[in-house]
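Step one of this worksheet: look at the structure below.
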Amino acid sequence: MNGEKPSWLIEIVSKLSELGIRLDEAKNVLKMEVAPESLREAAKILIQYGYDHLASISGVDWSTKGTIEVIYFAESYEPEKRGTLIELKTATSRENPKLPSLVDLWPNALLLERETWEMFGVVFEGNPDLRRLLLPPDWSGPPPLRKDYRVVEEGIYVEYE
Amino acid sequence: MSNSVKNFPRHIEAIWTGLKYLVKPNRMTVYYPEYFVEPPEGYRGLIRYYPDKCIQCGLCAMVCPAGAMKMYVKKGEKKGRPGVNYQRCIFCGFCVDICPQDALEMTKIHDVAFEKFEDLVFPPEKMALEPVSPALKMGAKKVKPVFDEERGLRHESA
Amino acid sequence: MLSMSSEFVSSRLLFKEGDESTYELFIGPQHPASGHMRFIVRLKGDIIVSVDPDIGYVHRTMEKLAEGREAIKAIPLLERLTIIDSHNVTVALVTALERLLDAEPPPRALYLRTLLSEINRIASHLYGMGIAGIMLNHSTMFMWAFGDREVWIQLAEELTGARLTHTYSIPGGVRRDLPQGFKEKFEKAARYMEKRLQDYMKIFLLNPQIASRYEGVGILKKSEARRLSIVGPNLRASGVKYDARLADDYGAYKELEFEVPVREEGDCMARMLVRVEEIKQSLSIIRQVLEKMPSGPIFAEKYLKLLPPKTREQVLKTGHVKLPGIFASLKLPAGEAVARAEMGHGEIFYHIVSDGSTKPYRLRVVTPSFRNVVLFRYLPPGHRFMDFPAIYGSLDYFPPEADR
Amino acid sequence: MDIVGFIVKLFLSPQVFAPIVFPGLLTALVVLLIIIWAERKIAARIQMRVGPLYVTRHLGGVLQMLADGTRYMFQEFIVPETADRIPFIVAPILALTLAILPFAFIPSAPGFSPISSPLTLPAVLAVISAIPISVLLMGWASNNKFSIQGAVREAFMSLGYEVPLFISAISMSILYGTMSLEEMVTKQFIPGLILNPIAAFTFLVSMIMSAGKLPFDIVEGEQEIVAGPYVEYTGIIFGIGMGLAYLKLYALSLIYTIIFLSGWEPLPKLLYDIYPGIAGIFLFVKAFLLMLFIVFLRSVYGRYRLDQALKIGWRVYFVLSIVSLILSLGLRVILNV
């Protein structure tokens, strides 16, 4: 990010590293590994620095490692901060994934958490409205975006007369 | 009361705009079965297959995003020839662009219709024939869209 | 910075049951506007108590499908998120793929991408204004917007060969070069559009009847718009000067001057006027793109050298790109990539995680309409029931894009 | 006199000919078809498209409405289980009769009015203002959320436009000094429009509100409540429901021409001598042109909100009608016409 870092970014990095969060720098994305417990504190600090909403909550199902990784992307609309996204990465177990809900800090997390719950089965405690969002109401199958939910594959060869 | 007096001229203006287009209409639609709009060069329509150029490499079937292009293998032969299933084809043109021998080419015919659902599956032999547009077969006059400052899109006989 | 207490926000966001004096009414799912979604509206007399948007009727599990296909097949798949603004959807996906593959498209390809993005933005805004018109039963605005959109679809067809599903950008560049005489055609279309925009204003937005339906309805304050992460013209109409074209660097936007139209009122009329202003901006952007268009190849050298010399000559001569064989099974290096782009409806967000195989391990897409859905819960309470179509039309909401 | 002569004389008498044939039922049905076709053709011309075409192609699809009418005729008329059966069927028929009744009072030539009484104007307006009640009954009987919403809207709307409609008509009858439609025309040495333009404008706008044409198309707000009171109806009854608004518009535009545009004034003498019934050609032509203008408004306006329409009805046009009342009183005193 053209060498020298803006002041607010240095402050964020220092504040968050006190919480014992591992940070590294990719091309204009500040990546963070956060333990589920200190998720809310990290969110509060970020909100103070103008990252007042979430661009996305995306789950990643590492079936080999037996964990579901939930990645939060905090975004800001302020002119000097809009270039950098902040990525909060937390991991929970695959059997009964549980995470604290961030709806009261980031209001737009309401629908994003609902979708991640429906697609991955991650339960967000404290989210007042965890219901079906995209799938049909009578959907009984496992959360579809998990790796163990197989989609039929097709070959490219067909016999014919 | 006050703003409805202020709005009165704007009402008149809105009605006047409507009247202007009532007197001088600018029809954009085309009588389809009688006139056939000629698509531009490089239009991605139905696919034409040239069996002689084809080296049966199967790249087109591998790259097809919708799984529409399949390699039809005859009994006893090892390599197959491509055949397209228009129930799935999305006319993205990946198969034409990836074919190293230019054995596939996209024509300008797009308005074909089929009675039965199965007719949509084109084995290699059927795909090798030149597709024909029903409107043109019925003698529709060809028309070309022309950009125009006054009327946006005007259709002239091609 | 919690400028607005969060329980005020969440109190409006939650769906209240309401006692028996509230009257429950369904709008949709066969909603007579743009696409299938259902609103469970609770009314007390003529005043809306709460609205629960019930989305998911056109959910096609795009993210799961993208995981099961090779990387390049995700482009025509995800293009169908928003068919009316298809290039702005794929340009962000291709930028993310290029960041993973670190293939750098040549400058001319970036200009061509910006050209098609702006043509699609105009077509998408016209579609949105048409739908907003028919929501107020103003069928002329609907027919005019869709008729004039035909001009821009024809222009896109001349450039890419397809009306809506162009699949124009691929990792490494674009697939077709600029055809002959494109500039004059565009000039005529642009002058026609500028004249037509005045007619739109006279018969629709300045028409006192429509103005009375739009002014002061569905007001979204600046702080709420930021907290609810609203995107696109709905955000800029509430006074926040944010545009993903400035936030992320894709296309040729760095070399062009264009200003982001912003209004303060935040009501339906402001949203519509921001869209009209953005059409004018797009016209000026396209003019700059066509003037400053550098010559040169339109496909990255990294992939051009994989083609046999004969087809390489043919590509450079005809301007019709041929794909190298490896595109059928392009290997994505392990890692993550993030990309954002400004669509007609707002900012689209991609996050691709790949584990080194030919298929992306996880492809996350958050579309602008999905981020705007919360407005249906947030804006209508307190308005009259007949304000709901006005609010729905002014948000330029597109259900297939929200449901993915 | 033999039976045939009696029937012919009966048929040609004003009491039968006027309501049934000329300005009445048959011409109303023909006008109904032509006006709906004209509305779609005008809207198409403005909206860059072609409009109805394929029925009688060389005439531009004029009989498209006849095709639609026969289609409605053959569609099955479904009475939903939950609907209240008897009123569900009776209400549209009641609405149709109330929509046709005004033709019993509308004269078409001097001395050629079906019911010649000094109070034909209030009678006509009373009959027309009864129609919303039957639409309310249709909405209530269908026992469906959308139709009840539509019915409530019809009730609100009828309160909004009845009063200005009545007062502007009464102010004109004060000006002419008579309540009978026939005498009104003879008294108009210059058209009522010029005498009292405020009343003319008020009557025109409340006429648009009462016929439910844009920009006051609130009852069938198909973007919110699908088709209002008509949502459960299918087949010919749905056709009647749709045609109702146009019948009402036709009746009101005839009354408007009589009160404001001096009715059949340039009376074709020779036609009058042959048979007075068909002398009202100019009355019909003026009413038809007025309907064309109202129908043209559909392609210029969207829809007002319900409370806006009521606010306009009460705050703007009610006041305007009071002003027109005072104006005609003043004119009456000055001119003692």
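Points to keep in mind about this one:
A, B, C and D label the chains in the order they appear, each numbered from 1.
What we mean here is this: a contact is a pair of C-beta atoms (placed from the backbone, for glycine too) under 8 Å apart; a residue touches a chain by one contact, two chains touch by 3 or more.
Here the structure is a predicted model, which means the values were calculated and not measured.
Steps from chain A to chain D, taking the shortest chain of touch contacts, total 2.
With chains reduced to the mean position of their C-alpha atoms, the one farthest from chain A is D. Here C is the chain whose Cα centre lies closest to the centre of all protein Cα atoms. Should one ask which of B-C and B-D has more C-beta pairs in contact, the pair is B-C.
For this pair, chain B with chain C, the centres built from the Cα atoms lie 24 Å apart.
In whole angstrom, the spacing between the mean C-alpha positions of chain C and chain D is 46. Chain A and chain B have Cα centroids lying 41 Å from one another.
Counting partner chains per residue, chain D has residues 46, 48-49, 299-301 touching two or more of them. Among all residues of chain B, those that touch two or more other chains are 4, 14, 17-18, 21, 28, 62.
All chain pairs that touch, listed by label, are A-B, A-C, B-C, B-D, C-D. Listing the residues of chain C that touch chain B in their complex gives 69-70, 72-73, 75-77, 140, 147-148, 150-151, 154-155, 157-158, 161-162, 165, 167, 175-176, 179, 184-185, 188-189, 191-193, 195-196, 199, 202-203, 206-209, 211, 308, 311, 320-323, 325, 327-329. Interface of chain A with chain C (complex): residues 26-27, 29, 47-48, 50, 52-56, 58, 60-61, 71, 73, 75, 77, 79, 82-83, 85, 87, 103-108, 110-112, 119, 128-129, 132-136, 144-145, 149, 151, 153. Chain contact summary for the complex, chain D toward chain B: residues 42, 45-46, 48-50, 296-297, 299-301, 312, 315-316, 319. Of all the residues in chain B, the ones that touch chain C in their complex are 4, 7, 10-11, 13-14, 16-18, 21, 28, 39-44, 57, 59, 62-63, 65-66, 90-94, 97-98, 100, 106, 145, 147-153. Looking at the complex, you find that chain B touches chain D at residues 1, 4, 14-15, 17-19, 21-22, 25-29, 31.
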